[in-house]
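Notes to accompany the following structure.
Labels for the chains are A, B, C, D and E, by order of writing; each one numbers its residues from 1.
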Amino acid sequence: EEAPMLAERVAAGTLPNVDERLPKTPRVVTPYDEIGVYGGTWRRAFTGASDDRGPQKLMEPRIVRFVQTGPETFDIEPAWASSYETNETSTEFTFHIREGLKWSDGHPVTTEDVMFYFEDVVGDDNPWPWPSLMEQGDSRAVISAADDLTFTVTFEQPSPLFITRLGREYVWMASPKHYLSQFHPSYVSTDELAAAASAFNVEGWQDLWGRRGKAQSFWLNPDVPTLSAWTVKTPPPSEQVIFERNPYYYAVDTEGNQLPYIDQISHDLFQDVETLNLWVAQGRIDLQQRHMRVGNFPFFKENESSGSYEVVVWNGLEVDTLWPNQTTSDTVMAELFQQADFREALNVAIDRDTINEIVFAGLATPMQAGPPKGSAIFNEELVGKWAGYDVDRANELLDGLGLTARDDDGFRLRPDGDTLEIVITTALFASDINMLELINEFWSDVGIKTSLDVVERTLYLDRVNANEIMMGHWPMGRAAFFLIDAGSYAATLMDNSWANAWGEYQLDRGKSFAVAPPKDHMIYDVWSTLDAALTAGTQEEAIALGADILAMHAKAPNWVGVVGAAPNLFIRSNRMGNFPAGFIRDDITRDIGIIPTEQLYIKK
Amino acid sequence: MTGYIVRRILWFIPTLLAVSLVSFAIIQLPPGDYLTVLESQMGAEGDYNPEVVARLRERFGFDQPFMVQYGKWMWAMLAHGDLGYSFEWRVPVSSLIGEYLALTVIVTAATLIATWLIALPIGIYSAVRPYSIFDYIATILGFIGKATPNFLLALVLMWWAFDTFGADVSGLFSPEYANAPWSWAKVRDLIAHMWLPLIVLGTSGAASLIRQMRANVLDELQKPYVEAARAQGLPEWKVILRYPVRVALNPFLSTIGSSIPELFSGAVTTAIVLNLPMAGPMLLRALVSQDMYLAGSFIFLLSVFTLIGTLISDILLTLVDPRIRFEES
Amino acid sequence: MNEPLLTLTNVEKHFPQSNGFLKPAAAPVRAVNGISFSIAEGETTALVGESGCGKSTAAKLITSAITPSAGKITLRTRDGNILDVGSLRGRARKALWRDVQLIFQDPFSSLNPRMTVKQIIAEPLRNFDIAHGQEATDLVADLMDRVGLQPGTMSRYPHAFSGGQRQRIGIARALAVKPRLVVGDEPVSALDVSVAAQILNLFQSLKKDLGLTYLLITHDLSVVRHSADRVAVMYLGNIVEENTTAALFKSPRHPYTQALLSAVPSQDNQDKPRIVLTGEVASARNIPTGCPFHPRCAYATDVCRLTAPTFEQLPTGGRVACHTPLEFMP
Amino acid sequence: MKDLIRVDELSIGFGLKNWVIPAVEGVSFSVKPGETLGIVGESGSGKSLSARAILGLVPPGGLITSGSISYQPESGDAVDITSLPKNGRAIRKLRGAEIAMIFQEPMASLSPVHTIGNQIVTTLRQHADLSAAAALSRAIELLDQVGMASPAIIAGQYAHQLSGGMRQRAMIAMALSCSPRLLVCDEPTTALDATTEAQVVELLMKLQQDFNMGMIFISHNIGLVSEIADRVMVMYLGQSIESGATEHVLKSPAHPYTRALLNALPAFAEAGAELATLQGAVPDLTARPTGCSFHPRCAEFAGPQCETERPAIQVVTNQHLARCHLHE
Amino acid sequence: MSNALSHESAALKAYAEASGWRLGWAKFRRHKLAVVSLYIVGLLYLLAIFAEFFSPYDYSDINRRHVLAPPQAVYVVDASGQFTWPHVRALKGQRDPVTRRLNYIEDPENTFPVRLFAPSKPYKMWGFIPLETRFIGVSTPNRQASIFLLGTDSLGRDVLSRIFHGARISLSIGLVGVALSFVIGIILGGMSGYFGGWVDTIVQRTIDLLQSLPTIPLWMGLAAAVPPGQDPLVTYFMITVILSIIGWTGIARVVRGRFLALREEDFVLAARFSGASEMRIILRHMVPSFASHIIASLTLSIPEMILAETALSFLGLGLQPPAVSWGVLLKDAQSLQVISQAPWLLVPGLAVVITVLAFNFLGDGLRDASDPYGKV
């Protein structure tokens, strides 16, 4: 079966038969609810060039991809590869391309495209840097093709997380050589390159490549062959970016109908999020999560019938977290932060339920920051620990630290006699000021003064990188596979760092403020265990070591997690079928990309 | 006359150079550059790669000193009419801003005309019947329009239109016309979408116009030549339209140029709220993401429009008001 | 009387036409185009002429409000020194204003509406360090009394005074420094007949009492005839005739003077025919070659069109700038 | 000959909240075709107001409180201008066509943004059914008549391009365009210097003869009035205090004010002699003295009745009237 | 003349001795709207200055039980229909289980009398004067007792109190900005007008240049350059500086125009003849003459600054919470969610409109009055 739109073209002779277009063994996708019908346009909205990930995440041309298998569990499946094998020591990974797999222009996909990607697209002399995913330790992976459809990635050291990372990172593993080589200096002359650049209206041939490469990016170039379910028809900059189905897409439903069901995806450009909200209320959006704020939940809910849609809630994995910087340049504060009791007091002085109620309309979960339930290394103790509300305990702890003297306004004094004041730095995009204001209120109840420093996102990073932050506010995220981003636990993920100077010491990037942690500090154990985990021979081993790290953090709080599992709202119009509720939405699992979007359909 | 225009155009050159320098300086003012923004965007999406940024930094020449960057931009502009390159959109600025500027000009011009059409008769009537009920109502309504922040008015009107009519009043086009090539139907669609921006933008300008027109006409009505015209036996409406209104209009012509930046600035917030594909929101984005050539070119071109507007209004003025020409020669 | 108080020698004032940047320079306005005359101490000299002929410019030159483009203006000071008025600056110029003062044409714009009469009149007293405090107040009262104002009104603002009274305030201010030369630039033309008469009487009595020297600028010839000892007639930046009042009125020698006099209606010249000038008034921006008056002159000859006449002393008294002066009528 | 215009006991007041300030009080005069009436008086004495009333152009706020202005058209009955609706069709038909006015300031009275020709054409076409071209050629003809050197060029020029005298002549051409029967000149030469004034006066006198117009000539230049008026009316504080043939009024004035006014003129005085001045200043309209308005300044007090009793108009000699107790 | 003088009434004497300022004031008073506006502006500043006292609550007081509560009515009739002392009713909030919207119902049984000069939690006026009384409040200090006359925001903070506090920044930003513009404008405009020549040319060209740049981008550029996360006071000051960078051009034009005009005035020439030094001419003769004009145009530019602040905040380039200004409050209200569910959060917009209106009328009146000698 194929879409009527394509059937017409087949009939007209401009397209081969559907059997010729599909690989021998197409990927079979089980629709969530029912077999869909073909046709229709999926209407979305986007904010412009920088929102490119929005449209892209609907249809990433991945070699392997995440699937959600339970409420909070995931798995990885081959996508355009038919299968892959891992050797026992996690150093060799062999992939098999689906036989008969075709680019969206009908050209067959072979290992030549893979080799082209690794030899000509990424790497030092190439348009795009070598992906860190393809490195382990100090050496790069070697890619070799066994035949037209089989290739192997070989690492020197074990790389247990390679496949997981592959499901998440922007490494497509293959580029359409037959098309792209015409823009590559190794294949064509400088003059031709210049001509190509000017045809694309860009400055140099380099601009044809890369994340926003005019020729290479499948959302900017209608001509570039891709493996995604839809290909761009009207690219940006345009008021309305339109994607159209890929006639050669390699997946079918359980009845053998070629996917995707939906003919077109259109993205309308909006300037202000209120416009989008209005579109939602008017029923102009079919399915969208990006830019849908939790704060607007009542609004969305109340307009469900007028806009004939439903608000579908997924849960986020991130936990809103405060990061007391134990190495802040204010040495008195640094010393205080280094006291486990002090950090515990900060934790238990917060009424997380009230925050949940007021800021998240009661839809999130008050919790400590840590890996979520369902994650392989979920640590129940850690998530629940220090997340209760106990003012007396907090006061007791603080008094116990000798912070008993108070100033005229009732705030505690620091050992040096100044008012105990914590400056929380937050980047606008990441935070809800309301939450921080509530925390401000809770902490003043136990005599700790706080002040808010709201900065721009870039500036936040600048400050972090200069160790100019006393306490940061940044979500702890990507925790489902925490080893991928274990920096939060090792204080080396700078925006999530609870000890910037120590983190820098470990990263050894030559920052002047980097300093070695005190002898016997638990962080040394964290570092060594993490190293071991990342180079463990198998994923199981790595996970076991990861659990150890969590146990180290369960002894004393190093950060202040506030609420997590925050609701992520999807606006799903009533005509959109096969969209499940209650999934996890996270960047690692590719947001909406975790469901096969190709099986969504527009009801007739 | 021609000599005058030529001189004015010659004046353009130093002015434009200064304008371009200021534009460029403005966009260079904020700390960081496009790549710091890109870095944080990449960070948010989880695909931060320092090497990418380093390569881009070199490619875009961000490591060069200010004057070198400016010089290159200017040179490209002078030599090839090339406005530079939008980092964010990865296209030359010139290919990006054409339509936005065109729509901006259309909306701005329409606003200007609509404001005049509303404000002038009201202003004249207020002057002819000063201190009448009508005069007071017009004055107060006008001032309220002036006092209400554009974005607030836009949002409230947008909600009101949705709440009462379920109408979508945002944007300049219906979705089906957004990408369509220009056609008669698209123009009609544009006109149908234009009323809200016109109200929002017009109300803020109308008040001052009404007041000015009223004051000007009142002034002119005191002049002896009005009495002389009456003494000629001309009917009152002819007396008013033929003489004081003609003369009172002149100051307006002279404000065409200066009202362009004003209108444009008011339009930024309105365009954002109403989702108008105009230069304002694009410029704001460009500024926020430090897409410097795009932002710089916008500011530069808008200033050029203003300068041209000023020139046009000066020329119109000399055409319409014979006294000016006299002072000129 | 031998050495005149004030002498102008070939004084010129050209205003460059500033057309702004990047424009070709236009021909300058030749507002005053080489005038020479002198004023004797104790005399009232009148400067007459059409509107725009350069009278006010001449007044400003004499009072050093502007500097001449060419020529020399000299003033004989109290101690007999000769002061070059044209080149004065700063302190020296300020010193000049102790000797030379100006009375303005417009009594409404020449008084600062935000100062009381007392402050206005006391301003020169203060600035020239003549009197301060109570002494100044007394002097102000004295001056006001002298010009016929109630000293009791000195704390009022100008808006409370009529035009004639304001003009008196202006005169009091000018007199405060006890000047020797008072230049009046059309001091009565903005005033009503009866008020003008009061001011003219005031001039006469002050002249008698204080021995003032006047330069009266006006285009009202009846005022001239009534008040002036000598008259200088200006036309387009030049002085075309100069004589004692009586002689000039009796026997004008320049055709322009003649036309001007004939235009003045008065009861006794009702039967004299009016001489109506033809042609258009030329402007100081574009002065005709030759005799500037020739386009409107009924007696103009070829010489007049080509060469400008010089300002010659006439045997019958007075001076005239004309190639063919009118006949003398004793 | 019938009077062309006859103003009877005209009073004009300005309303100020609840009382009316009388600006013109009981003024009467008349003009015959071909005759010139001069009106003199100090500033603010009500000259312009009276003149404007004839055209029905009392300024806003002003009100004709009593009296009549009857205009005698060429044929038919006299019309009372005061009873015509303000700016109505009836009065507009008279304005410009039958009664024309020349204003005090020629620069300000011409439209700055229309050519001279255009302005004359507008007037012409307002009152006569003329084609644009015909109107223009008539306009050029008129400009020629008022002595413009190259009328066709002048017609295409703007007011500011003309000199004062030319502007005044353009005003005259406009006023004469419909051959009015009565010409009201409100200080037509005040803004001009002596030589230009002479030109204009000459022209007016010639045109009056040519067209046999009635003329009202307002000025405070008594010398000028003495030259051109057949009869003179002297106004003081809104009242006509003396009127009569020019030679009577100016040679042998009957009212102390007229006498004082003449004595104050330098032109009429001996050179160097002290000018006779009027004591005091013109009182404000709101503080009009009781009795004879002039009594606080009068040098020739007639008796206590001056302070209390308003003098009536007295006949001095034939046609020579004065409002003074001296002549009772 | 002497008898005329003796007849003079006291009123006439007063008029005669009235200075320009007094005459201007008399003229100003005839502009009714301006007078009313003057009172409004005065009241607004009073409220802003004593915001702590007039606010029923601390502007940052979080009321967990009254999040997004609607404005509470003041009743003068009790449940049984009897007239009583003015009182408010207790609010009880409930979350809608489906839409999660907070709905509040009033409890007619549970009422709290409204009191003026009500006792309150101790607070500090201007941060240093301890007080325990507020202008208005409810007399029973009890958990349920509340008086949110304009409702509360998403953290249960009293909107009325926030408006009063926001007035501090919003109303002073205009004044400070205008003061800065005034200083720059008067110096540059004055130099330009007084010296003329090349100084004039340079200043004029600079003004042309600045005016040909669209304001918002200029602000955006400059505001983006303000290092964020400074002390709010510093940010505040920077923002005013930015606003006045545009503002001064207008004022410089006015000043220059006035200087040019005055330079030609006879009375200035007269002052020169009176031996006054240049400095004295400027300060004693010229400045007083245009001061009133300048004040009028300054008054007219204050509302522009207030609007500018809101626009900047709207664009996210102005002040940031927790600072409160009307722009910040309005930014909070910029959503359909708010308009449809908590329209009272738009009230700060009303405050802006009223203030801007009042300033405009005030400026209008001042402008009329600034030339007391002109036509009546």
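The criterion applied here is as follows: a contact is a pair of C-beta atoms (placed from the backbone, for glycine too) under 8 Å apart; a residue touches a chain by one contact, two chains touch by 3 or more.
The model shown is predicted, which means the values in this text are computed figures rather than measured ones.
Could you tell me which chains are in contact with chain D and with chain E alike?
The shared contacts of chain D and chain E, listed by label, come to B, C.
More contacting C-beta pairs: C-D or C-E?
Pair with more contacting C-beta pairs, C-E versus C-D: C-D.
Please find which chain has its CA centre nearest to the centre of all protein CA atoms in view.
B
Which chain lies the greatest distance away from chain C when centres are computed from Cα atoms alone?
So the chain farthest away from chain C turns out to be A.
At what distance in angstrom does the C-alpha mean of chain D lie from that of chain C?
Distance between chain centres, rounded to whole Å: 33 Å.
Distance between chain A and chain E based on Cα centroids, please, to the nearest Å.
About 46 Å, centre to centre.
Indicate the whole-number Å distance between the mean C-alpha point of chain B and the mean C-alpha point of chain D.
The mean C-alpha positions of chain B and chain D differ by 53 Å.
Just the number, please: Cα centre separation of chain A and chain B in whole Å.
One centre to the other, that is 40 Å.
Got the chain B residues that touch at least 2 other chains?
Only 31, 155, 159, 272-273 qualify.
Give the residues of chain A that touch two or more other chains, as numbers and ranges in rising order.
274, 278, 281, 459
Identify all positions of chain E at which a residue touches two or more other chains, and write them in rising order.
Those would be 1, 227, 334, 336, 340.
What residues of chain D sit close enough to touch chain C in their complex?
It comes out as residues 42-43, 149, 163-166, 193-199, 201-202, 220-224, 226-227, 250-251, 260-261, 264-278, 281-282.
Tell me, which parts of chain E touch chain B in their complex?
Residue list for chain E touching chain B: 205, 208-209, 211-218, 220-222, 224-225, 227, 303, 307, 310-311, 314-315, 330, 334, 336, 339-340, 346, 349, 352-357, 360-361, 364.
Spell out the residues on chain B that touch chain A in their complex, using ranges where they run on.
Residues 31-32, 36-37, 39-41, 43-47, 49, 51-52, 55, 59, 85-86, 88-92, 95-96, 155, 158-159, 162, 166, 168, 170-171, 173, 175, 178-179, 271-277, 281, 285, 289.
Could you pull out which chain B residues touch chain E in their complex?
15, 18-19, 22-23, 26-27, 29-31, 143-144, 146-152, 155-156, 159, 163, 211, 257-258, 260-262, 264-265, 268-269, 272-273, 280, 283-284, 287-288, 295, 298-299, 302-303, 306-307, 310
With touch defined as at the start, can you tell me which chain C residues reach chain E in the complex?
Going by the criterion above, the answer is residues 21, 63, 65, 94, 97-98, 101-102, 104, 106, 109-116, 123-124, 127-128, 150, 152-153, 155-157, 159-160, 170, 173-174, 176-177.
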